[in-house]
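Note that chain A is present in both complexes that follow, paired respectively with chain B and with chain C.
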Partner chain A sequence: MSLEEPTPEDGAVEVLPTTGDEIAELLGDLVVDREEHVNAPGFVIRPDTVQETLRRLRDEAGFDHLSCVTAEEREDRYESIYHLTSFDDRQREASVIVPTTKDDPVSESAEPVFRTADWHEREAYDLIGIDYDDHPDLRRILLPDTWQGHPLSQNYDQDRPQIVTLKEWENPLADDHREEEGDTMYVNIGPHHPATHGVLHVKTVLDGEQVADVDPDIGYLHRCEEQMCQTKTYRHQIMPYPDRWDYASSGLLNEWAYARAAEDLNDIEVPEYAQIIRTMGAEFCRIASHMLAVGTFALDVYGDFTAIFMYAMRDREKVQSVLEELTGQRMMFNYFRLGGVVWDLPEPREDFFEMIRDYLDELPQAVEEYHDLITSNEILQARTIDTGVLPPEVAKSYGATGPVARGSGIDYDLRRDDPYGYYDELEWDVITEDGCDNFSRLLVRLREVEESAKIIEQCLDLLEDWPEDERNIQANVPRTLRPDDDTEIYRAVEAAKGELGIYIRADGTEKPGRFKIRSPCFSNLQTLPEMSTGEYIPDMVASLGSLDIVLGEVDR
Partner chain B sequence: MGQKPAGEPPEDGEKRMSSERDTPFVTDDTQVQTDTRDARMTGGGADNRFNSKLREAFGSSPFILTKFDQFMNWVRGSSMFMLQFGIACCSIEMMHTYSVKHDLDRFAAGVPRASPRQADVIIVPGTIVSKFAPRMKRVYDQMPEPKFVVGMGSCTISGGPFQEGYNVIKGAEEVIPVDIHVPGCPPRPEALIYGVAKLQQRIAEGESSPVTVKPYELEQFNDLERDEIVEKLADQIDEDDLVMRYNWADSP
Partner chain C sequence: MVPLQSQVLLPERIAGLLGLSGTVGQIVGGLLGAFLIANLLLVQTAIAGPWAKRKITAAFTDRIAVNRIGPFGLLTIVTDAVRLLSKELVIPEGVDRPAYDLGPLLVPFSALLGFAVIPMGNGIHLADPETGAVFAFAASSIASLGLVMMGYASNNKYSLLGGLRAIASNIAYEIPLIVTAASVIIFTGTLQMSEIVAQQTEPLLSIAGVTIPQWFAFVNPFAFVLFVIANLAEVGRNPFDVPEAPTEIVAGYQTEYSSVYFVLIYLGEFIHIFLGGALAATLFLGGPAGPFLPGFVWFLIKIWGFYLFTQWARSAIPRLRVDQFLDVGWKGMLVLSFANLVLTAVIVGVIA
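The block that comes next holds the complex of A and B.
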């Protein structure tokens, strides 16, 4: 270690190391080899120096956001890749690559440095089979405990029989004291429960009405999305799957995540006109998704199919009609193509524009109605203000993004910080709230709906005036795409729930060698124990609702 | 934004919401049938509330003869309690079917019950994976007889787009009997309503899927045939734990 320890006083105005060479100089002997990813410089390190490396990058180079951990099995080794970036400057990125040998795949855990590594490493253990030393609780996360083999490793036999137990379903009354002496009660919430937004299983230990311990158990909707994408071709076959990750009508946002990664990987330039259509469609999806979040949150807090839920559904129906006009589908759009979109706006265009204008005219009043019904309601305020508190440092450590991070005052939005599409040409604001509680997260969503409407309106103006002979919706893309062998890319977009990242490693064929999805809900859900331990159980349910998780994306 | 000031009426009358209407809600009294009320108020005249057209048609007998079975089936089909059961993408469309615009309640099937013990129809809306199948079987078992199953979407037919996944059950029929399959990915709300209407028709006619032994059943661990995997798991699983054994190689 050739570098001197910097003292806290002099680090304030220094320029942070950003280029590969600068970071390599900072890491010194820790780097055994260098690699170049399309998005960032990569540094190969020894498996026993993970914590030291990440700590130094976090504290001295400002890489405070562990966006994703990708694990994969290569011909001769296992690899864990830590994708680091910074909340203050999203365009600074670095990949830390930790190879381990085939016969003894043990690597040091990053959990003491970044809390979010906990679940990411459990997933890597579950699907690939890498062991993490010093990990607090290394067990399977997506597959049942009794599963045999690691399905994304190379010699996995998919046809072998498996046995799954019903053990977690034990009658809680039979043995309801987890500790012999204590007065705690163990309660299973889910996987079939109206408040869990799908098939989440929350193992809860209660002390009276307070939550003593909460452990989200996921994997009840793990439908092998990564395997599906690894067995499909880049050009057409992968695109339908992103629609089904976050299925709360965020289809176009998810499609954009894949499109962005694959376009950057293959050097495809998307025409400006197609970018505007994409931007507009994506913001419609964001509105629909936030409406569902608000409606179900009210459902969780008020507890019935009340007017608010119905109003939210009514507004979603309107968005879905617009999206159906545009894409031909209500939910699973499959509208993006690599290099553009599949078809132009529907004819007659004037009618379509009028439909959107009508929608935008009605929206402020609808949002006002939600504010009347929800945010200015005393009961809801009593339930949500100062409950489910998530301080910004904790949120950062868990890699929380999207409205969850912005509700904790973290000014982080990929649409502005790592611009893509047409966002940097438009006038709009990133919404943040400083409350850090359930109420702030709700408020962020409602205010983001208004921002989305602003974006849509500007896109609409552009589309209306676009010259007829320049309406180019598709770049010229070869029929078969074969990115060069061993090119790697990690790219993210701002989906409705936060940072949705895709890692692709090309292996020279028309299918990805490794396809990894960084789901925002997966990281956001990890914060649930932080928010609910010690709180009352109804507040836990409200916190879960305010996280707005979609299990299809958590489990993939 | 192109937002109009609040006071200005919108040009298009049809798009207004009831709260925006200028005139208060007024009913036209002359159109209301007041015979019964008048008869009560004045005390004079016959209160013939119970003398319906149907009664006249049957003559003096107050009874209608039908088979009890048929009557019960008609009742069952006309008042279905659905289980509030969301799995995946299809559950979003299912929520839309329950709420405004599509309003499944018009077809006497719009009361979602959160507990399986109060429900008699389960709509299976999504992909079933290995970890969830035993739980779904348990929820299905907890529903009182007679019970009916609507499989919603391609995943409940065959596994749908995820059929080749290592973790995906190739259709709900592998675990529980399914009365109606609604294809689509996801089916539109109209399609689900059509499926429910078809189910009501089947119930009224007294038909339902036979309950047969399914490929994947819940069994006690010590009832399994002793083979390699059972031997391997013997120290992890108690003998009388309920387990589900998946034979992927035999799956369709």
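The block that comes next holds the complex of A and C.
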């Protein structure tokens, strides 16, 4: 698999349509109305032309990344929004808006064009109640099958019993699908299993020791995070929630996702000094998160709580100590504020800088230790190379991002491609590996730790020399934020696991009208069946570990 | 020089001490001797399981481990025994009852049976039949039966997978194990354990006044390495812990066992490790032989050395995938062990 995938129109070096008018011209009659989102032009289309529109945008305009699908019930209509962008140029964005009528909310599925739409549309069906025509498998995804009604729809009655028993729900006339002479065996891996990294349930069909079919069943940790954010005010109340999405030490990265979306929505400029602190803190979170990923991946392959897991936890503890100094917390930081961060670096600053310098001095040796213990081990290589293969086209179609995409050779990193914070001022590289297998994903994480250390070091240099009277940690932000009615924005940041996007529709009040989280783990987990069908159970477990999912973020 | 191997076996000596003779003496001496040796091993296991294993793993992973109760946390052994035995014995629905109960009994007892023929030095030797080596391997193989009973009777898919894997691994690695042991038998010309040990006391060579004995690990290091690796697979430790594989199939054949049954399986595993060490010691390391210390102490040092080795492997080496595991067994170990056997036979044939 090489990076030299020919783009659809490789011969003709024509400029791809980017502005709203150019895209509208390309789509022609398909567009029935135009909208303007803060991040991208929006095109309203009819519900039966979804596939045609998306296919044309993908093939002729290079929009090959369906980042997110947001669904919502409005006063007069149901609406699905497809947030499109491009792996080659993240700053080209387009929103495709598909309204459907209230009495018959049926819309064409985008799954045949973008496979990632499978789960996103299932979620929309589950929570809002839009039916997607031509969808291969429109089941509930987050809620149990026996749930009654769609909780984010407007006429949902919370006082009614929400779940019926399986017995009442089951069709008594349904056939028993078990074969008398079948060669396969159905195994429930999870929701309580040593290798599922949380409450994930993988419905697995085994043929001997080999995996014949895999179906991840999620939703055990669904905590209505989106709806909770909709009931809180922009200014202060939402910020604690992102810490709880990917709680495995990427708190600041998640906070940044909300901060970025809300700041762009409200036109807030963040002072440079605060951006540097944010960048540094976020990279510490990335290191902590990757350490945990490497440790648990080794745990999945090695099989016991061995030295590597303990070493990784030890190095993560050091990062957490730094973060505790900075934010006052080890996991649930709540450190960012709209327009900056909550407080300046801890005093005495010299001690804090020295603590970080010490950490950075030790880090290369620690990473070398991991290479000694893990990546150069022949048995580990035999276990991970050429297993869990995820070709780049498949990864793109599933909307895989972060180390999973970069392990498949996709050169895509929002920190560089859609710069925010202080990243574009610093010297660092986007890591890619072309192996497309479990080993590549492991390598990408280990190498990214080194890049993060580079970023931190440069931030540190800047912070040390920053003049004392210019340490501006927060912009002047009004106490109450009321973005204009019907402004919509979709903004993403590069979290530890990939592209973490937030869609906010303002409704003129101090609370979001719709708050949607695009979780990288959610999209990455979708690739599991692709990677592990036909392989052995241990490889399936290793692939799951290499995806580095956190169920808190998958289920939200 | 005190003979390392007293010709009087333990049952006879006990009978002599009690002043019994004839059939009564044999029965009483045999029972008491077996009782003593079984308890000796259970004590080793008690130290190894709840205490030493934790301490060793902790040392490998930069931790401290049990240190709360008693000196060095040693009384943890008592509290753990009480804890494990007082747990509820959960017996799942639909298990195949006699097999489900017998499996956990077979595992430790098969390993204990193997110790009957192991010479432990200072006259601690229960029986010394002419077919001693074969008996030890045969007895330890009964454990496979226990594993398949547990896996099949538990009515659990993970247990079933674990049982199947256990059988596959036992078959794949027992052949190289026994074939390698056979290369030692070719040297000795006898299966009798006391004779195998006695032959290893002969000097191999003398360097600067230090006499190196003719331990088969020195005579044929290649066979020793093969034997230790195959043994590692026999006792199911990394990189060969495929039958249990906690992150894949939860706990394999022992998934559905709790309380006393769990303890029995655990005991069985540890006694198996010690039996593996005892066989390696007897066949390759001169049995209880060693300088200065009494033979029995050397024997304990050797089996604990092997135990330490299994724990080291467990902490440091990744687990192989099940197909790679079988590949190594059938395509690697088997071929090498037969090559070793043929080579040994040729060399012994030429020299003798």
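As a convention for this text, the second predicted complex is superposed on the first by the 527 of 556 C-alpha atoms of A that agree within 3 Å, B and C clash if a C-alpha of one lies under 4 Å from a C-alpha of the other, contacts with A are read in each partner's own complex, and residues count from 1 in each chain.
Keep this in mind: a contact is a pair of C-beta atoms (placed from the backbone, for glycine too) under 8 Å apart; a residue touches a chain by one contact, two chains touch by 3 or more.
Note that the structure is predicted; figures quoted are calculated from it, not measured.
S.K.: Applying the document's definition of touch, where does A:409 land relative to chain B and chain C: first, second, both, or neither?
M.R.: neither
S.K.: Considering only touches as defined above, state whether A:302 meets chain B (first), chain C (second), both or neither.
M.R.: second
S.K.: Have a look at where A:537 lands relative to chain B and chain C in the superposition and call it first, second, both or neither.
M.R.: A:537: touches chain C, not chain B.
S.K.: Contact-wise, after the overlay, does A:314 reach chain B, chain C, both or neither (first, second, both, neither)?
M.R.: It touches chain B and chain C both.
S.K.: Once chain A of both complexes is superposed, is A:194 in touch with chain B (first), chain C (second), both, or neither?
M.R.: Both chain B and chain C are touched by A:194.
S.K.: Taking the superposition on A as described, I'd like to know which of chain B and chain C A:185 touches: first, second, both or neither.
M.R.: In the superposition, A:185 touches chain C alone.
S.K.: Comparing chain B against chain C, which has contacts with more of the residues in chain A?
M.R.: B
S.K.: Looking at A:160 after the superposition, I want to know if it touches chain B, chain C, both of them or none. Which is it: first, second, both, neither?
M.R.: first
S.K.: Classify the contacts of A:377 with the two partner chains as first (chain B alone), second (chain C alone), both, or neither.
M.R.: After superposing on A, A:377 lies in contact with chain C but is clear of chain B.
S.K.: Under the contact rule defined above, give the chain A residues that sit at the interface with chain B and also at the interface with chain C.
M.R.: In the superposed arrangement, which is not itself an observed complex, chain A uses residues 193-194, 305, 309-310, 314 for both chain B and chain C.
S.K.: Within their complex, state which residues of chain C touch chain A.
M.R.: Residue list for chain C touching chain A: 57, 60-63, 157-158, 161, 238-239, 241, 245-250, 314-324.
S.K.: Inside the complex, what are the residues of chain B that reach chain A?
M.R.: 1-4, 6, 10, 12, 15, 84-89, 91-93, 95-96, 98-101, 112, 114, 116, 126-127, 129-136, 138-139, 161-162, 164-168, 185-186, 188, 218, 221, 224, 229-230, 232-233, 236-237, 241-249
S.K.: Show me the residue ranges of chain A that touch chain B in the complex, using the header's touch definition.
M.R.: Chain A residues touching chain B: 143-148, 151, 156, 158-167, 169, 191-194, 197-199, 219-225, 227-228, 231, 240-241, 244, 247-249, 292, 305, 309-310, 313-314, 316-317, 320, 330-332, 357-358, 360-362, 364-365, 453-454, 457, 551-552.
S.K.: Which of the residues in chain A come into contact with chain C in the complex?
M.R.: Listed in rising order, the residues are 185, 187, 193-195, 206, 209, 298-307, 309-311, 314, 377, 379-380, 382-383, 536-539, 541.
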